[in-house]
């Protein structure tokens, strides 16, 4: 078991890149390395979507810090990557379109060879456009892509944990636009009514969706108020692209589990974060950079642990 | 002709309830979820025996399916229960992504299928659920004919690893199959042997097919009656073997003739050995309020309709 | 146009019963008559479900006052029962299972012969188990029965009215258990975000659903807070089975339309109201009384305008 | 053989967009609803021209369908737009009750159908939508083959009073039908006459069928090619007339072979004149990420696959 107390020691950049899937559960050991990993993840995202000229960089870039913090600092994960869902924290990506960031962090954490990022969205790849268990990619628990289904699955997994007397947690990430899907509110009502308190749902509050800002598409009003009215314990991470703030916020959330309420984190992120021309706009929700744009984007994220 | 006896009419959903009760005792991984229809689904006993393994999700079928999918992670075997319409059409995309494509070990158990739901009327009488579920890759689709078979199927699907749709109904119907049968998924059951016509029936129509076969027998015609409890995977071999003798076929189902068992059979025949076929099924209409018997008659879903179809298809050879 | 200002004058009880469908838009003229109508509606409900030994008396009985108030006092309805949805207030029953109360009040308001209540749930009837347009019953705008779809349809109709410069209102009734369906929350979010302020949604807050009380089935928490967090103007009718209170509350709601917010009425009712052994329990949600029970139930509601 | 020329590849969804733009100008009752996919559905122009008649509903497809149904009350003709999966499977029960059973004049317009959606993968590539929609009583189901036909169909369905499912796709494909054609709902279009085999194709497979017919022609085989743009109501007569000449048939669709056009044709044949049939369709599998062309090839959905099927079915006569 790798957890926050007994984590694997420092992994040199060279080793890190070299070991790939052979290395069990790679953990970076200090914030500086984690910051480098965040930039590397951004590079991975950009290069994945650029190569196949498709995929979703915007939301992915905004969530780089979240994924790094979650997989490197928060989650207790089985060292052997066993996928039975027992005796470890597990994560569901509800907004499956941000697969590039998910794949990058899974690979960089040792779930599969980093090289395999090269196959993103290609025919016969395990790295499908949206994450799936269908092709057997380690680290993925369920298919997502059609929005709105992740919280329900997470509740189910959380209940399984309770039945199994497994005290680990279930984490989920949802888009803010995604919250317009009614199934979420069924799940949100259920989780509060049934005290699912081993569940931490994070909302990627980037204020953007495909057709524009959430305010323009469908004004969602006070999201915090909504979760609270539905009986959740809500906390906000104001700086969702500040790694330190994200780690602190996630730890805070974790400490509030087990108290009879499901936990919601409102994670304020910037869509397209880290690439100036992609930031603060929905334009890059699902559009890949061309060669020139990629060059500029990578140059804005020069720190690297080594590209695949 | 073999004789079949109705040992006492019972509803198929009670067969499901009995099976689930038994599973509760024998398989501690079995959990049950229900969307505010516990009594109708006959899940009360499981609920009482195993409150910690029973999950009342309220009127939120989409969430129920997603939860069930999630519960498989960690090793549970979830049985979801609601009416057939709310088990399929209401949650098609959720089943598609979270259960079928994700290949989760969820058993979607659906009562009140078809027009025999009765008085509640068309909004509740789904006649498309077999078609909905059969189109999903990896899904097993079962429609049982009586109490005993439904109970056996409930036990069998717990042993099988993969997504299953189990369809049963509301009204009391003849209980005529063996009490402690083993249910073999995908293996058609021959109820009568005959050379003149094949009758392939599922669900509530199986008993009607047996009555029809008797009537035909009185007219000197030998019908081969096949209980095709599993619509997917379909027992193509049983069907093809039978029509190689009879050279004509009637399919009988409590379902729209578009998209269901009938069309699956047509496809298998067209691919292998084109054969005259008649359809005992609803003919692309919604149902309506009425008693089950009235509706079976009005929509041409009984022994009489099967006899008529058989005579017609024999004449078409 | 029949509206509250120029309503048809007093209709004697005898006339009322006799005229049936020939009589245009029957309106009772004073509270005493309306009270009698409420009791008659209860009798109609009980007799409908008893005759076919099926249907939903519980929710129906609890909403008798609401329907009488709505159709007799609130709605501006076209005199000729034209069903094009133009230039009149219209109503959607989202919780279609309480069709017995809907049918009774439609018939008693002149939409179709009162006698036709005799055909409830019979083969070939226009009075299907759940209301439908499929059989052409006047007064029904859309099919319901599968829960959770009514508010969406009502929003659509409300938008049509705005496009048609038709200043009339759209009313809807939903069950409280029904609110567990996610589609409602999609609609609730949309209506607030798009300022659908010609819409009045009433929730039948009887605290019961099929498997038990809403608290037992799926605790719904603070429903008022939820609607408010979703940006609605919410008002409560504490005594949902007090005709006067219901009329006052509905008029209050009506007066608050046109102010940029959709209106929600939380109508506190008693399931099975008016029949002592049916009250305060989910047991009669969908169960018909037997002969003996019917007799007792009717004896508790003796005032009548004349049974069909 | 008739010659068909690709006048410049275009996506069928742009044909929809162009039709909708035109309707915006000619029919003031037409309103459009979209669930956060305005650009993908090519609804931007309608939105810009008629902001008051364009309704952005956000990511809430169920609400969109219900709203559309409600808008018909008061005389509007709503066109809803989202991907095919979210237009059908996601909202089946809503379409069933609020649109089909209520017989509301709603046009459900669905883009990105089938595997040619491409890189997004299986969760977005519905291969069951034709089956889903064809099982609903009263629903008209259309799957157009190119830009021009899609535009014409868009105009035609506005004139027709009743629920319609209009399916089109994402990639650029040959645009070869006439520019200002009239689209007749339910009337199959004969593209080639022939005696050896009937090829009934819809959607993106029609152009492939034409290429296949040329290849067959080179081998001395005359294929009758029918563009069956309307899957429901199906032009049974056109199919039966053709097979009475050719005595064998290939159906070609970008859809699961279970439940779609192919099985509808099998049923019509089984009811009337049993005929050997081969299926060019996906064989009960989910799709995956890839380019449209790669996927058409991998899943056997191109001219080559049609030729192979034709040769096989001719041999089975």
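Letters are used for the chains, namely A, B, C and D, taken in the order the chains are written, and counting of residues starts over at 1 for each.
Rule of thumb we're sticking to: a contact is a pair of C-beta atoms (placed from the backbone, for glycine too) under 8 Å apart; a residue touches a chain by one contact, two chains touch by 3 or more.
Bear in mind the structure is a predicted one, so any value in this text is a computation, not a measurement.
Trainee: Need the most distant chain from chain A, centre defined as the mean of C-alpha atoms.
Mentor: The most remote chain is C.
Trainee: Would you mind pulling out the distance in Å between where the CA atoms of chain C average out and where those of chain D do?
Mentor: 41
Trainee: Taking each chain's centre as the mean of its CA atoms, how far is chain B from chain D in angstrom?
Mentor: One centre to the other, that is 30 Å.
Trainee: Averaging only over C-alpha atoms, locate the centres of chain A and chain D and give their separation in whole Å.
Mentor: Averaging C-alpha atoms per chain gives centres 37 Å apart.
Trainee: Got the chain C residues that touch at least 2 other chains?
Mentor: As it turns out, chain C has residues touching two or more other chains at 132, 134, 143-146, 148, 180-183, 186, 189-190, 193, 218.
Trainee: Residues touching two or more other chains, restricted to chain B: which are they?
Mentor: Each of 57-58, 60, 62-63, 85-86, 90, 93, 96-97, 101, 122-123, 286 in chain B touches at least two other chains.
Trainee: What topology does the chain touch graph have (line, ring, star, complete, other)?
Mentor: If you draw each chain as a dot and join those that touch, every dot ends up joined to every other.
Trainee: What part of chain A is in contact with chain C in the complex they form?
Mentor: Residues 180-186, 189-190, 192-194, 218-222, 225-226, 228-231.
Trainee: Touching residues of chain A toward chain D in the complex: what are they?
Mentor: Touching chain D: residues 52, 54-55, 96-97, 121-125, 128-130, 132, 134-135, 143-148, 177-178, 180-182, 209-211, 216-218 of chain A.
Trainee: Over in the complex, which chain D residues touch chain A? Could you list them?
Mentor: Residue list for chain D touching chain A: 34, 36-40, 56-60, 62-63, 85-86, 90, 118-124, 286, 288-291, 294-295, 298.
Trainee: Please output the residues of chain B touching chain A within their complex, sorted ascending.
Mentor: 31, 52-53, 55, 57-58, 60, 62-76, 78, 93-94, 96-98, 101-104
Trainee: Show me the residue ranges of chain B that touch chain D in the complex, using the header's touch definition.
Mentor: Counting only chain B, the residues touching chain D are 85-86, 88-90, 92-93, 96-97, 101, 122-123, 127-128, 131-132, 134-137, 232, 256-259, 262-267, 269-271, 274-279, 284-286.
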